[in-house]
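In the two complexes below, chain A is the common chain; its partner is chain B in one and chain C in the other.
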Partner chain A sequence: MMAYSQLLVTVLIIAIIYSLLAIGMNMHWGDTGLLNFAHAGFFAVGAYTSTVLTTPAATGLLGDRIVGLELPIVIGLVAATIVAALFGILIALPSLRLEGDYLAMVTLSAAEMIRLIITNEAWLTAGTQGIKDIPRPLAGAFPLSLGGFQMGYNLFYLGLTIAILIASYALFKRLSESPFGRVLHAIREDEDVPRALGKRTPVFKLKSFGLGAGIAGLAGALWAHFFFAINPTMFLPSLTFSVWAAVIIGGAGSYVGAIVGTSFIVGIRQLTRFLPNDIPLGSELPFLRLILIGAALIVVLYYRPQGLLGDKERIQAGQAMEGE
Partner chain B sequence: MATFDPQFIWFGLVSGSLIALGALGLTLIFGILDFINIAYGEYMAFGAFVAFGLNTQANMPMVVAGIGGVLGAGVLAIALDKVVFEKFRNRSAIVLLVVSIGLSFILRNSIRIIWGSGTKRFDIPIEQAPTYFGISILPDQVAIIILSFGVLALTFVLLRKTDIGIAMRAASDDTDLAQIRGVNTERLVLYVWLVGGLIAGIAGVMLGIDSVLRPTMGFLTLIPIFAAVILGGIGDPVGAVVGGYAIGLLQELSVVVIPSEYKPLIGLLVLVVGLLTRPDGLFGEATR
Partner chain C sequence: MPRGMDSEGQKRIGRRTYLKGAGLAALAGLAGCSGGGDGGSGDGSSSDGSSGDGSSDGGSDGSSDGESSSDGGSAGESGDSGPIPVGNLSPFSGGLGWIGPNSRRGVQTALEAEGGVNATGVLGTTVEISEQDSETKPQPAISGFNTLDSEGVMTMVGPSSSVTPSLIEPARSAKLSFVSPMTGTIQLDNVGGKYIWRTVPSDGIGARAQAQYAYNELGAESMALAYKNDRGSQSFSAASGDYFSTLGGSVKEEVPLDPAASDYRSEVQALQDADVDVVSMTAATEVSGLFIQNYVEAGADEDFELLLGNDVLTPDFIEEMGADVMEGMVGQAPAPGPANDVFVERHQAQHDKEPGAFAAAAYDAMNLIGLAFVKEGEANRQAVPKHLSELGNPPGKKVSTFAQGKKALENGEEINYHGAANPQNFNDKGDPLGPFSALQAQDGEWVEVKTYSAQDLATE
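Our next item is the complex of A and B:
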């Protein structure tokens, strides 16, 4: 029984970290209508920034990593957020004038380039060897005895990530409802209108991109510090597409929807691990899961284009993915 | 980095032929249906793997297997239109794009389940490349270039000289107007999927012959294909082909100035520079 509850905690942590990704994506797509396909790239930038800052340099079989600063983890988390936000702005800068699918192509390519750089610059990132032994925050203090109750490390990390999720949710929800958010919504509906009202829409789009990328970077850092080890194959475009599926299924424009959609996707991915391997196609489960996510995405778009918890304002504005 | 070698130009022509084909197919579909089909790379991979199955599992000669793979990709494109894309015909371009993401998930992982996720090779002899004028040239590569020239020429004859092709170009320019003038656009859509699918199959099979087969082979080729499509002006077939060769040559020649691991970076660079300076493509023929 103990093992199952441990597993549940780990699954919840994964769901929370992915929810942070979905919140960032919802700011891009749900609020601003920007087609960002670089999310896995921002996640990777965050994970690697924090890792390089908090681990010592190391030698490896395929190449030596000469950068490693052994700074406190808090600095790593903050730096991960900032550096990922800067990457977001950097990618958005040349593509601001672009619309819809052009932006999709540029961001998708950019994310692959980030992965290419991580794979090749072993002096900084250890390349394909990956980085191991990433420190966990406050790891020495656990297990902690609290009046007869043993609190394990995973439970602590779950609490930490829940706190970060609640804070991020509150922040992004508030931003979305603030005057700033209303300008983003106006850009989503028709960029000419806020421009005619004297808003500098490129600046707003850059801010939206930076904020969403920043939280993805934070999610990456939280991922790295929980799972000890990272390598470039963790940041494939299929991660971006899974987050997309989560936002669309949950309902674009709704931050609760982003979290619900993520829980659904993570649920499919994790719960199917409990199926016995000897059922037909049992060994193909990892691939069947992704097929299921793809099919769910198409079915939701067909029957419920606004998603499970679609944003009312979006639906009224005719942007609920119904058509043009 | 490497010093310049005429060999790079030859490699550039080979990969340019592959990119040009993919870009032509993607841009044709875009012209009529107005959306970027992210699953297009998977059509390529599917064609290649069907050919692989016929070649290694059914022991057919490579030529026969290749034709089978190409037909397979054509049938797949039409089937997916009937089963999926047709249901979303009146939706926005963004919805179609997201639907194609879902499809690319489904296709890529189906390929993994059917043929396994490892690297595969066609059952063709590995030969020592003969050298002409200091350039080593494989017969396979010659076949790729000749075949792609042939396909490109055929497609242009189709677009310029046949009723279907002229209707395609009309509909690509203005779908409503073409419809009013009596073009059966629904049937046209089927032809476009067929042509686009066949071209994807050819590109995929040749990509497999040129290197190896992987379930992700098509998806990874999408970036240079995107770059070629945008460079040529989205929806413009001539531009896509010119863009494809330009990207292929630039990629292979780039090793003179940057480390070869960063070859794929050229696609992104061209994409960004092209979008900033000539958003309507080289010839300003973009359909939007």
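Our next item is the complex of A and C:
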């Protein structure tokens, strides 16, 4: 029983951190219509920024990392958000004139560049060895005895991430419904329209990119501080594609959908872990799991092409366009 | 329009409230679970065990040791009822996906073959393996670890270097041990013991064999390092260079090899320019193959000798590259353990194929786990932390199968398990020490040219 609740807490934390990524992606794609394939890069920037700021420089045989500041974790989290947002703007600056597929290509290669830089610049990031012993916030205070029951660390971290998720959800939802959000939606449907109304659309697109990247960076930092160790192979493009899948399943344009879609994917990945080994083809189980996940995605998209909670406005707008 | 906006607004509040509510409900539910958890460990003997051994090493475990998780042995049923759950957390997909099946076959051989754990019976029952795929990535590995934890496994075989650093804290806080047959990284050199064990020697030890061979046998004074740019290869390479410097040589150049590159001509050129006596080149087979092609093509064999890593020391590799190309090249591998022949034979009989890389170490891991349960007299999570070291190390009767070990233990004797991968004599950090051989390619075969004993390779 105990162990199951521990597992549930861990899975929820994973789902919540991925949800933050999906929220950022939804701002890019769902709201603004930008094809961003650099999300794993922003996630990595966040994770590494916070890690480098909060751990000591490494010494010893493989410890050629000379930067390490041992600052409080709060600073790491804030800096991760800001640095990732800046990276987002930096990538967007030269590439925002591109549209659709071209933007996708540029962002995908930008994410790979970030990952390769992390892999090779060992003085800053410890390279392929990765960084371990990443501190957890307030780790010393747990387990807490609260009256009758023990509050473990994971439960605390779950509370923390839930709070951050709720705050981020509220913020992005509000942004999406504000005049700012309406301009983003207009850009998504037809960029000429807001431009004709005197809006400087590149600035809006930059802001959208920066905000989405920033929250991805925050997610990266939360990830690093929970999982103790990071290395560059955690930030392969497949991560970006998972987030895309979550946004599409949940329904582009819906922030609740982003969270639901993420929970769906994380949930199905975890549930398939309980498949017993002794089923037929049991030795191919790892691959069967991945096939099952893919099949589930196809089923959802077949029956609900707009996603589970697809945004009404977005669908209607799309239909209007087609009707013309 | 305004009407639409209104309903949208209402929905927003509704969703947010719902979300908060759901979050709070989840928290409350979990809190309830945690509260109830304490009563679960009423199993007298297991809580006894954990307090005896649990405090002896507590200092290094840090603050998270006392996490509200249950006491070691309480999860799952212990004793004679039902099979004993043991995990196998290995890379079955992802970058090291080829290792998982090798490890699985090694474990199966330890369980099912003659004299094996299940063939002989352990504590009146058998061991049941639950496999989890680490996908060679830290987060799936942690999910897999937690899944095994919740299934109530007593210990587990695995995982690999790429994910081990992320599992150190979870293992300590869940008081759930693992025995890795495939983690060579020197990052684990100073953190093992108690919950963290491995049955393959640290890269640091093999690297010392390589450095000694270069310095003493080849008389090299300068070395350059070339390595596939991943954690394992870099770790081996760095250890070799470091020990070479300690012996009195100098390391002049380091060249990482990008596994995605289409050729290594510029890297070979850089190594030629470095003007060194030997190059330690550590990489898996594909990278090594391409590198050696470019090395021969550039005529670099005139400039420096090449020392190879563990992964390429297979007959297949010589065949693939050509015996004349490989002639004279030297690599090093752990000298096969005393029980290797028996293992190979049983593996062949059971799976109709030669054991793959790390299979022997997985076999040893499973045998040792089975013996730990026998020694403890009960299947619980303290069995491995408490007994693995004494089972592997002298003094004691030398045994090389589970059946022999079980018999000796039941007669009240001490045992010294002699494994298939190596003798499995553990140091206090849970690392096995054992002999290494330097092997040279001669006429299309790997021939042992020099063997270094465990003493030769010990740190001090």
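The rule is short, and it goes like this: the second predicted complex is superposed on the first by the 289 of 324 C-alpha atoms of A that agree within 3 Å, B and C clash if a C-alpha of one lies under 4 Å from a C-alpha of the other, contacts with A are read in each partner's own complex, and residues count from 1 in each chain.
Quick note on the criterion: a residue touches a chain if its C-beta (ideal position, glycine included) is under 8 Å from a C-beta of that chain, and two chains touch if they have at least 3 such contacts.
These numbers were taken from a predicted model, which means no experiment stands behind them.
Asker: Of chain B and chain C, which one touches more of chain A's residues?
Answerer: With both complexes superposed on chain A, more residues of chain A are touched by C.
Asker: Give one of first, second, both or neither to describe whether A:Leu290 is in contact with chain B, with chain C, with both, or with none.
Answerer: A:Leu290: touches chain B and chain C.
Asker: Going by the contact rule set out at the top, does A:Leu98 touch chain B (first), chain C (second), both, or neither?
Answerer: first
Asker: After lining up the shared chain so the two structures overlap, which partner does A:Gly267 touch, if you call chain B first and chain C second: first, second, both or neither?
Answerer: A:Gly267 sits against neither chain B nor chain C.
Asker: Kindly classify A:Ala3 by the partners it touches after superposition: chain B alone (first), chain C alone (second), both, or neither?
Answerer: The answer is second: A:Ala3 touches chain C but not chain B.
Asker: Going by the contact rule set out at the top, does A:Met234 touch chain B (first), chain C (second), both, or neither?
Answerer: second
Asker: With both complexes superposed on chain A, which partner does A:Pro56 reach: first (chain B), second (chain C), both or neither?
Answerer: Touch status of A:Pro56: no partner.
Asker: Using the superposition on chain A described above, determine whether A:Asn120 touches chain B (first), chain C (second), both, or neither.
Answerer: both
Asker: Looking at the overlay, does A:Gly159 come into contact with chain B only (first), chain C only (second), both, or neither?
Answerer: Only chain C; A:Gly159 stays clear of chain B.
Asker: If you stack the two complexes on chain A, which partner ends up touching A:Pro72: first (chain B), second (chain C), both, or neither?
Answerer: Touch status of A:Pro72: no partner.
Asker: Which chain A residues lie in the overlap of the chain B contact set and the chain C contact set?
Answerer: Chain A residues touching both partners: 119-120, 287, 290.
Asker: What residues on chain A touch chain B, complex-wise?
Answerer: That would be residues 35, 94-95, 97-98, 100-102, 104-106, 108-110, 112-113, 116, 119-120, 237-238, 241, 244-245, 248, 281, 284, 287-288, 290-291, 293-298, 301-302, 305, 321-324 of chain A.
Asker: Sort out for me which residues of chain B touch chain A in the complex.
Answerer: Chain B residues touching chain A: 35-36, 84, 87-88, 90-95, 97-99, 101-106, 108-110, 112-113, 117, 219, 222-223, 226-227, 230, 259, 261-262, 264-265, 267-268, 271-272, 275-276, 279.
Asker: Could you list, by residue number, the parts of chain C that touch chain A in their complex?
Answerer: Of all residues in chain C, those touching chain A are 8-9, 12, 15-16, 19-20, 23, 26-27, 30-31, 33-38, 40, 63-64, 66-70, 74-75, 92-93, 95, 97, 100-101, 104, 129-133, 135-140, 142-144, 146-147, 149-152, 162, 165-166, 168-170, 173-174, 186-187, 229-231, 234-235, 238-239, 242, 256.
Asker: Please give the residue numbers of chain A that touch chain C in the complex, ascending.
Answerer: By the definition above, chain A touches chain C via 1-12, 14, 61-62, 119-120, 127-130, 132, 136, 139-140, 142-143, 148-155, 158-159, 162, 166, 169-170, 173, 177, 227-231, 233-234, 256, 259, 269-270, 273-274, 277, 283, 285-287, 289-290.
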